[in-house]
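So that you can tell them apart, the chains are marked A, B, C and D in the order they are listed, and the count of residues begins at 1 in each.
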């Protein structure tokens, strides 16, 4: 390929990316724009308007917004932590040990991720009412395991499968006990996968709607359920909704920026050779 | 120090005053009880929440409440009620919902509480409620029997009638006069199509695929036109959507939307209707009067101040405006374990004192109490909107629920809305008549298992 | 420093029988080689000793003490894995220090430093200590893996094909180094390989493993000269030993071997002849190593006609493979004969070549069971091998 | 010999109990947590055989009446068809686009592509329910920005979700906006973990870019692609939030898929027993499709591992 055509190719590639970037990012920019528009200018202006922070003060200072955000953080974060604690050892066992029905169990766990929420939510509601789990942090964290656990186990299992079993043997020979090997030798190796899977699980848990809508009520209101409140009761306050949406996306975005280096690598489902 | 003292004295005085008004019953009888309340996200609920601390102070009852946006409110409420655990004790509901909840045994009839002088203060003045609204919340549980008889299932927080709101500025600029007949309405809608370029249009009405599309404007005109949804014939409910009036009216409605409705009518709920009216994109809106009213409040929208209110355009040969009525209300869970405490809550937040607050400072302009409506404070506020009070009074004279009560209300109205959508945007049916006949047949079949005495 | 004993070890993986009654007894300070084809079960034996694998049946003893139920970590063995098994997240230094940092074998950091540097020096990789395994070549990784085993004084060194992935030059050098180290350390070592040169040069004793069984245990000479069956004889030596099938017939005081239509008159050896007596008129295989095959390109007396099948260099020498002339069995490897030849001959495929055998180096095997019968100068070889073992 | 060692110490050849049950012990917490959620599944199957409804305090067993009624209804087959269409189109578009974008990002190494690698993930962070509202506003013909943009090209009042002919296109587009980044992320991860050596040797062999893509990149990318396909297809089959938020299944019944039909029947119309067969059928479809893809994925993983070594 000569220089000219190579240059042309690069320009085309950048151009295509640019077009897609507009499609992908414009709605977000639009959302931020809405968040600084007043109700009166909401529909009558596009880019030429008087920016205002009133939507922000309205949402952040005059409502329980931070309580909703905190609720989301507790349930989504708690769900991911439980998934990590229970899921990482399970992923290890599913990767390493040969036991009866291993593949079936592995698939069973994965299949929960794909269980239609509507199917489980109604019976769960009845169970939760009886067990007193309705409208509790624990109840939500538990049901969120359907979202976070399978994802986590599957990503991390791939990583464990990729670690040569002889590394563990070597560590045993070196005099380490099972749990020391697990924490000292294996965990550092699966870290990229673990972190990315945890982030993805967090995002999915954060964004879920049906479960918190029907299984929580007055005490706990994650942001997804609360967010449509900002549409308002008499007129639709899209500006406030935009504020609520923008701010609610921030934790995940910040998290993603922090682990940006790991993120892509970590989602290769173990296809990375150590 | 002095400040503190004054505060204490003032508080004591306030409590005493409040006590004086409610002195005849023991408000502290259920001190320490906790009750759960489910609200739909709404101005009415906000007014209550604003006064919640007062209630808690007066009674010593702790109120735990949730507010849920309207799109999902009833799904959540259905689920909660069906658990039969008594949580929530009090919930917001509409009249249509009571047709479903009451026969299923989820609702506590309120008549006994109101009549018991040991439970209800004399100052409550039950008779002060506008009779039409109270009647909308009564039903004898027999499908096909109209509302107004039987037990009282809920108490109103506010109500809405469905009238025409229009943009004075646009009407003046285009030299169009306010339509009073359906023909004028159609002509105006056509004339106002693209009145200010692409995307602007004549008349905003709801079009989403659910009951919300049927019950405001459509049902009001349907009733005004003289059509009925169901009648009892030979011990069965029979759907009458295939009657001449029903077909005529629906055909008119479809043509009206096609000629002058929003380009994306089938996705329009109340919020988009209101938004378009407020932004000056729609020249008219036929929806809940409140919807137009709130757009008109200064600072709420671009067209605030330009909106005016009118009644229901009449079809040829019809003299009476009939508006279908919607009343946000509160009911009590039949499985509640704190019924008496819950009653105190209901009583307090539907009392004349509270209603005056909510009708004025609380922004709930459609008050269900006559005493409030005739109060100066209220009239001063509402009179700011041109024609509002006039059309409100005019239309409310004949406002009631024009649906035939039956527990499959949501199913029948959703199917109804689906057919309406099909008539406007698809070519599924050859004619309105064919569509309505099929629909009537389907709905008759659907309700055939209901027991009609 | 320990004596390692395995008694009747059985191990299966699913339906595959990996070990089928393996018993070995490795003496203290011995360098013991497990030699056999791939998949024979050599690694599994090491794993059973290390405690990585649990035999279904049988006993593992260290110094006479049964350690079946002792965990790997507590057996105090050092192991070099075939694929190195380095910890990818640790530097070379930390990899090597790792055994000395575990709870069981903990040393203070000064001692660790000293030992790691000593091992690094021995393995000539002091300059690599700060690197990560991903930055090392295979040979370097191999040396790190060795180094990690060497920092300790374990009961036994277990080495699983530690040189398999190295290039030839490095392999030779490392082999020499290993031998030296073994002499210095004096720790019991068990070494797995499928390379016969390594087995021969390193092992005090060699155990031949095949299909989960121990076929033969002995000194390198024992195994080489007195292979207990054809399989072992074929395994030991490169190029592979020539096996000819034929018939044994009494010929006066001596015997003749009839194969492929030609008769070989066997040289006399009283002890051998006694053993062969039982096989008179029966089928017998003889084994002759390629270096004992003589060839000529002109017809010499007693030489037989063969044709060249292939001529391939194996480094500083070449191997000629030939088949009986005019024989329809071209490509029938049973009748082929391999021999050592110098490089650089001009040989055409299918050209005639004349061959004779140094029959006094022949090994005899039972024609049907393929078991060893005897060979020339058997007593002498045995004495030599026994003497070596004593020393 | 074997008898002696066995008879003297029969337990010598058994791992200590503690060690033997270790795998089960460490899967247990995850399993218990998730198995608890199995109970609703079983309840759901049972309830689908009853006339359970919010309207009645009791219910009775009616065997397969719900099932036969639903399976013979036009509504069901329509919903199934919508479900399949939606899943097919949205997954297809997202996979193709996701792979293309990932390839572009991978081949470029300038600040722009580095920035996009992070920025393009942002749509994933917006809850679908919010994304739907934002898009609805953007697509609105009277106040939306997209309409203004289209006006420049002489397109007026494009109906988007409001007309049956364009409704599917619209929801698929929003789904695509939300989820293409997910595919892109997984594919990019797959691309970056590809080993270098096969490509180097291909370079020496002088294969064309297309040849390399089909014969090297694609097979080695397959495991990642299958994972992306799995996650996307499974949630596309069950899509609820976007369709409900935008059109509630309309116009008419254009977008009534199995999830929406089930939700409507169960929660809005209070016929729980009748709502469950829809979703159980969906569950069966999802389960077996997932099983098939997982099998393919595991095979592809082994194949890719082979290619690599």
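By our rule, contacts are C-beta pairs under 8 Å (C-beta built on N, C-alpha and C of every residue); 3 or more make two chains touch, one makes a residue touch a chain.
Treat the numbers as computed from the prediction; the structure is a model and nothing was measured.
Participant: Across all chain pairs, which one has the most C-beta contacts?
Facilitator: Greatest count of contact pairs is found between chains A-D.
Participant: With chain centres taken as the means of their Cα atoms, state the distance from subunit A to subunit B in Å.
Facilitator: Roughly 39 Å, centre to centre.
Participant: Please compute the C-alpha centroid of subunit A, do the same for subunit C, then give the distance between them in whole Å.
Facilitator: Chain centroid spacing, subunit A to subunit C, equals 56 Å.
Participant: On a C-alpha centroid basis, what's the spacing between subunit B and subunit C, in Å?
Facilitator: Centre-to-centre distance between subunit B and subunit C: 93 Å.
Participant: In subunit C, what residues contact two or more other chains?
Facilitator: Within subunit C, no residue contacts more than one other chain.
Participant: By the touch rule stated above, which residues of subunit A touch at least two different other chains?
Facilitator: In subunit A, the residues touching two or more other chains are 42-43, 122, 126, 228, 231, 238.
Participant: By residue number and range, which residues of subunit D touch two or more other chains?
Facilitator: 142-143
Participant: Let me make sure I understand the interfaces: which chain pairs count as touching?
Facilitator: A-B, A-C, A-D, B-D, C-D
Participant: So in the complex, which bits of subunit B are touching subunit D?
Facilitator: For this pair, the touching residues of subunit B are 74-75, 78-79, 81-82, 84, 100, 103-105, 198-201, 208-210, 262-267, 272, 275-276, 279, 281-282, 407-408, 410-411, 414, 417-418, 421-422, 424-426, 428.
Participant: Could you pull out which subunit C residues touch subunit D in their complex?
Facilitator: Residue positions touching the partner: 7-8, 10, 21, 23, 54-59, 66, 68-69.
Participant: Looking at the complex, which residues from subunit D come into contact with subunit C?
Facilitator: Touch residues, subunit D against subunit C: 1-2, 5-6, 9, 11-16.
Participant: Spell out the residues on subunit C that touch subunit A in their complex, using ranges where they run on.
Facilitator: Subunit C reaches subunit A through residues 47, 50-52, 71-74, 76-79, 81-83, 85-89, 98-99, 102-105, 134, 148.
Participant: Note which residues of subunit B are touching subunit A in the complex, please.
Facilitator: Its residues touching subunit A are 36-38, 41-43, 45-46, 64-69, 71-72, 75-76, 79-80, 83, 85, 87, 271-272, 274-276, 278-281, 290-291, 294-295, 299-302, 304, 363.
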